[in-house]
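Pasting the structures in now, so scroll down.
Okay, so subunit A shows up in both of these, paired with subunit B first and subunit C after.
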Partner chain A sequence: MMNWLQNLGRKGLLLFEGLGRAAIFFVGMVGGLGVALLRFRLTLREIYSVGVLSLVIIVVSGLFVGMVLGLQGYVNFAKFNAEESLGIFVALSLVRELGPVVTGLLYAGRAGSALTAEIGLMKTTEQLAAMEMMAVDPMRRVFAPRFLAGIISMPLLAAIFSAVGVLGGYFVGVGLLGVDAGSYWSQMQASVDFSEDIVNGVIKSAVFGVACNWIALYEGYDAVPTAEGVSRATTKTVVRSALAVLGLDFILTALMFGDI
Partner chain B sequence: MPNPDAEPLVEIRDLYFSRGANSIFKGLSLDIRRGQITGFMGPSGTGKTTLLKLIGGQLFPSRGTVFVEGHNVHALSRGPLYALRKRMGMLFQSGALLTDINVFENVAFPLREHTKLPEQIIRDLVLIKLEAVGLRGARKLMPSQLSGGMARRVALARAIVLDPMMIMYDEPFTGLDPITKGTIVTLIKQLNNALGLTSILVSHDVEETMSISDYIYVISDGEVVESGTPSSLKQSSSEWVQQFLNGYPDGPAPFHYPAPEYIEDLLLGR
Partner chain C sequence: MTTRFIEIMVGAFVAVGCAALFMLAMKVSNLSTLSSAEGYHLTAYFENIGGLKVRSPITVSGVKVGQVTGIVFDPDRLQAKVTLLLEMDHDYFSTDTAASIYTAGLLGEQYIALEPGAEDETLKDGDTVEFTQSALVLEEIVSKFISNVASS
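The block that comes next holds the complex of A and B.
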């Protein structure tokens, strides 16, 4: 019993210590954002590796998710003779929820894990220590540009995901199942509100961008500098990012759409 | 010939440092003189790398001070510390090259970060340093395509590209073939004498270290066990030093990491 309590206490302390370090890390990284903006070429390179290289998986997934939405939506709306509303259903699900959330999850698996592994290896091979000794601050040179790149990329990826998804829904609903193209688009246009839906979706994905990249970069920075340590850190990144995305999504949804 | 009474560039006073329960330095005090090559020798795991990181301000001592050019390294704020580090080169044991850019860009890295020199001048400076380590032809290779010895030489070129006042070499000779080793020995000597650098050399290679150092500290168990010029060290009456210099397997220096009695461990071990 005593042992169990001790263990719990120790775990608790470690947890808070970890949170504290992650917070300090965050502040350091935010302090470097100015440099990341000034030396935008560094950030552009990272946008390429976290954003552009994630495009394939985002586009393909968006297409399939949209097609599934089209199919499910059609089957259910048809029962009420409301097939014309398919466009609203597809667009709102994507813009409000599935776009940001699924993009966040895919991003964690595709780009977050790669970021953690990259940073972890840089630590293991003393590249970060070497930079410090060359009077180059890794916070500004390595972390801040990656962080900024992630925050810029995530909303763009989510927007692409939603756009492709809407096309996927169109393809299935209008192309295959015969919903009227005019009503698909016009109902969508009439019901999707810019500030209510689009802006909130963008805010969501920006928040997920901050969370996923913070987690990925911190896990790499905090990794035990061995091969095993880096592999564990990579796993942690994917698990924690996924939980963070889903948890934050609930909170944000409650804040944004809860009081209607 | 360097002046034996040169003023100290690095002064370490009463330094204590520990890693968890493992205390690595217990009251270390020593001077590193300007313009000289100061060698540090000692068994593996005594904290030689740790000492270099303490001097560079990457680790913080639990007690004691490190002065570099009169500045207390651990009391400096970020700006002055980084300014000081620009003037300290460090060659890491592993080389620590940036793996996502090629050899040329690695050597150019400090220049690009700290200067606004035109591309042509950066190119010339990098090629001069690469020529000095014999790798001008390897400039397009990526770090993963280099052998260990080549990586070390590229790292050396990078360490000297900003023309520092002081260089710290962590095991510059290990894993090099005799010819390269000879080149590096000459290079360290030349850099030190021609550019008026101060060099700190950490190494297990007794012969090479003795041949180029002006002054040597032998450290073990957190303290300086012996110090002096190479010739005086050879004459040392300390059994410990004789064991280390000559590589006798047994003597006062323990080969083992602290452990319980062997017999007990084997018979009762669980």
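The block that comes next holds the complex of A and C.
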């Protein structure tokens, strides 16, 4: 009984210790953002590795998600003779939910895991310690540029995902299944609101960008400096990022669209 | 990989992302139609607005000419006060224009249909539409129908 209690207590303390360290890490990273903006060349290189290299997977999955939405929406709307509403269905589900969320999940798998592995290996080979020896602050030199790059890339990737998805839905719905092109666009424009839907989608994806990068960088920074430790940290990044994205999505949806 | 190549790719990425956002704004959302939202306001009082909502469309002969911008209950008249925003170029509604709440399709959303009358004078900003017809509430029709059947 006492052992069980002790176990529980230790786990709780470890959890809070981890959260505290993550919070301190976050504050340090945000403190370095100004320097990252001043030396934008470093950030540019990171935008290339997390943003540009993720483009292929984002565009392809966006296209297929949009096409599936078009197909499924058509099959179900056709039962009610409401095929014209296909545009609303595709656009709203992509812009509000699927765009930011699926982009977040793909980003965690494609870019987040790479970030963790990179930072973890830097720690294992003591590059971070070497930087500190040379009076280079790794927060400013390593973490802040990567963090900033993620925050910049994520909304752009989500927007590309949604736009490509809408076109994919158009291709299937209008091109293959014969929904009227005019009503596809006009019904969409009539019910998608710019400030209500598009801007909220962008805000969502920016929040997911902050969460995914924070988790990825912190897990790398916190990794046990062995080969096994780095691999475990990479796994943790993907799992925790996915959970964070889905959990945050519910909270944000409730805040943004809950009252309608 | 040269710095130049990376910079070009990042530039292209940002450009494509902004283009996607622009497409979402102009082609998918109502921003392009909202830009002509400068117009004039009318008010109309209804006994029952049914399922009318803010941003419901206002049409003439099925063509959209504006949207509902506000719905409040007026305690003095004991009626629902609906504010209509009409586009500036549709300024030809005579003072005896009638406003009715209809439903698009059997289960579709509700909208306000305007029917211009015969007067020469036209409605100006802040005017009230005098002739209104409330929304049809399905339960009322059904109960009327049942009482008719019962009495006959």
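Heads up, the rule we're going with is that the second predicted complex is superposed on the first by the 260 of 260 C-alpha atoms of A that agree within 3 Å, B and C clash if a C-alpha of one lies under 4 Å from a C-alpha of the other, contacts with A are read in each partner's own complex, and residues count from 1 in each chain.
In this text, a residue touches a chain if its C-beta (ideal position, glycine included) is under 8 Å from a C-beta of that chain, and two chains touch if they have at least 3 such contacts.
Keep in mind it's a predicted model, so treat the numbers as computed, not measured.
Bringing the complexes onto one copy of subunit A puts subunit B beside subunit C with no clash.
Contacts of A:217 after superposition on the shared chain: neither subunit B nor subunit C is touched. By the touch criterion defined above, A:137 reaches subunit B but does not reach subunit C. By the document's definition of touching, of the two partners only subunit C reaches A:159; subunit B does not. For subunit A, the partner touching the most residues, choosing from subunit B and subunit C, is C. In the overlay built on the shared chain, the residue A:106 is in contact with neither subunit B nor subunit C. Looking at the shared chain after the overlay, A:172 reaches neither subunit B nor subunit C.
Of all C-alpha pairs linking subunit B and subunit C after the chain A fit, the shortest spans 11 Å.
Across the superposed pair, subunit B and subunit C touch subunit A at no common residue. By the touch criterion given at the top, residues 3, 6-7, 9-10, 12-14, 16-21, 23-25, 27-34, 55, 57, 64, 105 of subunit C touch subunit A in their complex.
Remark: subunit A residues 41, 44-45, 47-48, 51-52, 55, 82, 91, 95, 153, 155-157, 159-160, 162-164, 166, 185, 188-194, 197-198, 202 touch subunit C in the complex.
Here subunit B touches subunit A in the complex through residues 53, 56, 58, 78, 82-83, 85-86, 88, 90, 92, 94, 96-99, 109-110, 113-114, 155, 158, 162, going by the rule given at the top. Within the complex formed with subunit B, the residues of subunit A that make contact are 121-122, 125-127, 129-137, 141.
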